[in-house]
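Here the structure is laid out as C-alpha cells; the discussion comes afterwards.
Chain lettering (A, B, C and D) follows the sequence in which the chains are written, and residue indices restart at 1 in each chain.
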Amino acid sequence: MSAVTGVQGTVAALRREVCALHEQLTRYQLVVWTAGNVSARVPGHDLLVIKPSGVSYDDLTPENMVVCDLDGKVVDGRHAPSSDTEAQAYVYREMPEVGGVVHTHSTYATAWASRGEAVPCVLTMGADEFGGEIPVGPFAMIGDDSIGRGIVETLRASRSPAVLMQNHGVFTVGPTARAAVKAAVMCEDVARTVHIARQLGEPIPIAQAHVDSLHHRYQNVYGQQKDRR
Amino acid sequence: MSAVTGVQGTVAALRREVCALHEQLTRYQLVVWTAGNVSARVPGHDLLVIKPSGVSYDDLTPENMVVCDLDGKVVDGRHAPSSDTEAQAYVYREMPEVGGVVHTHSTYATAWASRGEAVPCVLTMGADEFGGEIPVGPFAMIGDDSIGRGIVETLRASRSPAVLMQNHGVFTVGPTARAAVKAAVMCEDVARTVHIARQLGEPIPIAQAHVDSLHHRYQNVYGQQKDRR
Amino acid sequence: MSAVTGVQGTVAALRREVCALHEQLTRYQLVVWTAGNVSARVPGHDLLVIKPSGVSYDDLTPENMVVCDLDGKVVDGRHAPSSDTEAQAYVYREMPEVGGVVHTHSTYATAWASRGEAVPCVLTMGADEFGGEIPVGPFAMIGDDSIGRGIVETLRASRSPAVLMQNHGVFTVGPTARAAVKAAVMCEDVARTVHIARQLGEPIPIAQAHVDSLHHRYQNVYGQQKDRR
Amino acid sequence: MSAVTGVQGTVAALRREVCALHEQLTRYQLVVWTAGNVSARVPGHDLLVIKPSGVSYDDLTPENMVVCDLDGKVVDGRHAPSSDTEAQAYVYREMPEVGGVVHTHSTYATAWASRGEAVPCVLTMGADEFGGEIPVGPFAMIGDDSIGRGIVETLRASRSPAVLMQNHGVFTVGPTARAAVKAAVMCEDVARTVHIARQLGEPIPIAQAHVDSLHHRYQNVYGQQKDRR
C-alpha cells in the first residue's frame, strides 16, 4: 500500500477514470463478456491502474480497479489484474510517452488481424487518426514479453496508435487512457468501413501527400484543441 | 453577441433543436465518438447553429451549441465550432433553400464513398427519398472551400438531398435540420440495404418512369404532410 | 365517430396494443425513422386500427392511433393514417382470417426483395415459422390496389405469413397483430441468417418431408399453446 | 411439489439465476422473440430449472421458471417448459459434469450450422475458449432423443463446450449455467469474427501446439480463478 502513498489523490482519480472509460468499450460494442480492458499510467510513478480480471463490465467500480507496478505486480487492489497486464506494463516501460493502453477483440479489426492484413488508409478518418494503414503485429503467445514486444516494435515503425496483433486482437495507446479508448473506437470504425468497402470492389487510394497533410493538420494544427471534429 | 440581438428567441429554439437532433445520429449509429454533426440556418439571418468541436454526444447541451456567421466565424458560443463548419457555411451561402445540414461517416454510405460509387436506386424507399441514385462528390481536402463546393455542385446535379464525398463521408441537406437528419438516416439505411442486396447478386432495376412517379408522389402529393409514411 | 360506437372498449384496447407493438419493431431494428407500421382488425367489424403517418415511434400513444374502415377511410383519429393503409385494408377485406398486418423495410429481408429472390428454407426456424421459403411478391406501385393484391396473391400461394414485395419491403400477417409482429421479427432473423450463410457457401437443404413435419408440429401439436419455443 | 422439498433454497436461487442469465442472451443479441433459453441442473438432484415456453424475455421472473425432472416432466411450475427441455434433459442425464445448458439461434453461429461447417480455430480467443474448432452436430428432428444424442456425441468428441446443430442453432454447456452462457456469447463472437475474416481471404492458421498450449493455460493455470481475462 505504501507504494501509492503520496499519489493517493491521483490514483483515486485514475481509478474513477479507468472504470468509467470501460463504458465506451461496451457502448461501441468493442467487447463481449469480460474480454477487453483499459489501463492508465500513474504519471510520474512506475505504476498503472487496470481493470480486474474476470469482472463483468456491469460490476466495475473505481474500488475494484487494480494498481500494479510496471512489472505487472499488484501494488494495491483486492482482485487479480487483467491477464493482459504484463503486456501493457511492457508498453509503459518501453514507451514513456504512453499514458493509456486499451485492449479489445473488436470484431472487424480482429478479422483483419486473423488474416495478418493491415487496414489500408482509404478514408480521410484513417489518415486523420492513424496517419496511414493500421499495422499488424506478430503472432505472440501469452506468458512472457512476446506480446508487449510485438506491440512496441510495431507501433515504433508506424504513426498509428493502434496495432492489430495477428490472430489475436487490438492494442491501442495514447497520451491518456481516454485517447487510447478513442483510438480503439476509431480503429474498429475504420476497420469495419474499409472491410465493407472492399466487399464490393476496391476503395480508391488516397495519395500519400494527402495522407501526410491530413494527418499533420489533425495532429498539429488542432494541437491545442485535440479531439476537434 | 450583438449579432444575435433580435433573434434571440429563434436562436435559443434552434440551439435546443440542433442539440436534440444529435440523439438521432447516435440512436441510428451513424456516428462514433464525436465524428458527426448537425447544423441549422437561422432563418432570415446570415447565421447558423452547429455542434461544438470535440464534445461528446452525451455532453451536448443547448448552451454549448455554437452560433457562427456564414463565413464560419463564431458569433456566439464558448466552444470552437465543428471543424466542418466552413463546409457547411459554404452550403448555406450557396443554397438559400437549405435550412439544415448534417455530416456523418456512417458505415455503409462511407464504404460506397470510399469506392467512389453512387448507390443505385433499386428500392422504392430510394426513389421516394432520393429520386434516383445517391451521388458521389469529389475527393476534397479540408482547409478551403473544396468540400463545400464539392457538396453544392454534386447536389445541384441531382434530386438527392444526400451526397457521398469520396473517401470521406456523407453530407445531407434539407429545408430544416430535422429533414437533413432524416435524409442522413435514410441514406445509411438505403446504402446498407443495397450493399447487402449486391453481396449475393444484382438487384432488379426500377424503371426510370416509376422512380420519377414515386419521387413526385412522395415529394408533392404528400406535400402538406411531408414525412408521411 | 358513430362507427366505433358499441366497440369502444375493443377499439381502446386495440389502440393500446397496436401502439405498444411498435416497440418490438424498434427493439429489433426492423424500422428507421417512421418507415414501418402495425395494424389490427377490429374483430367482427369492418374496421382497423393503424399507426398515424409520419409520427416518430417515440411519440406514439394509444390516442394517436387511427381507426379506418376497410376502404382505408378514417373513421376515428386526429392524424392521417399510414400511407400503407390502403394496402393493409385490402388484405383485411380479402383475407378474413387475418387479424393483424405489419409492414417494414427490414434490411436483410428487403435486400432479398430487391433481387426478387425468395429466402430458401434451410433453417429449422424457417420450417417452423414459414413452412418453406419466404416468397416474393410483384413490383407494385402505390396508389391503387396493386400492393394489396400482390400481397394477397402471394400469401395465398404459400404457407408463409410473410411476403417480400419486390424492390420494396416486407408485409406479414397473423391471426393477431402480435402474431404478425412475431412473423416480421422472424422474417428478418431468417433472412439475415440465410444471407450470412450463403456469403461463404451453400446451406444444406432440408428435405421437404422434414420441412412439412416441422411446420405441422409447430403449427398444430403446439396449437393450444402457440408461440411455444 | 414434494420433489423439490429439501432443496427449496437451492431451487429458489437457481430460479433467480436462470431468470437473470437470460438478460445476457438479449444483451448480446443472441436471441429474438422467445427463441432461446438457459437451464441449470439442481446439483445433487435429478432436476433442472428452465425458461418457460413462449414467454417474452421482458416477462421472465424467477417464479415463472419451470422445474423439471431429467425426463423433461414438469415437477414445479405454472407454465409449460421450453420445447427444448427434452434435449437439455438428455444432456444432463448423459453428462454428469454439466451444470448448465444454453440454446440459441445466434446469427453467425447458425449460419455456419446451416452449411454444416465447423468454425476453424484461427483466433487466440477460440483456442482459449473452445480448444480448437467449434464442431457441427447432425441434423436432428425434434420429438425424440435425436437432438440430445447429437449434442452429447459431438461434445464428447471435442474439447469445445459449444456445438452447432446442423440447420438449427447452437447448444452450449458448462459446469454452471453462467459458464454455459459465457460459452454461448463467445461462440457467437468467434463465429462472427471468423466469418468476417473469411469474407476477404483466408485467416492464418494457429499451430496445433499453440492451440493446445493456449487452451491448457486458459483452462488450468487460471483454474482457481476461471473467467480471468
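Quick note on the criterion: a residue touches a chain if its C-beta (ideal position, glycine included) is under 8 Å from a C-beta of that chain, and two chains touch if they have at least 3 such contacts.
Not measured: the values here are computed from a predicted model.
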TODO: Same or different, please, for the chain B to chain C contact, judged on whether over half of the interface numbers appear on both copies.
DONE: different
- [ ] Just send me the rotation angle from a CA overlay of chain A on chain B, rounded to the nearest 5 degrees.
- [x] 90
Task: Intercentroid distance (Cα basis), chain D paired with chain A, Å - done: 32
Task: Mean-CA-position distance for chain D and chain B (Å) - done: 45
- [ ] Send over the residues of chain A in touch with two or more other chains.
- [x] 199
TODO: Give every touching pair of chains, nothing left out.
DONE: A-B, A-D, B-C, C-D
Open item on the list: With touch defined as at the start, can you tell me which chain D residues reach chain C in the complex?
Closed with: 32-35, 53-54, 80, 82-84, 105, 107-108, 110-112, 114-117, 139, 141-143, 166-169, 195, 198-199
Open item on the list: For the complex, give me every residue of chain A touching chain B.
Closed with: 28, 122-125, 182, 185-186, 189, 192-194, 196-197, 199-204, 206, 210, 213-214, 217, 222, 225-229
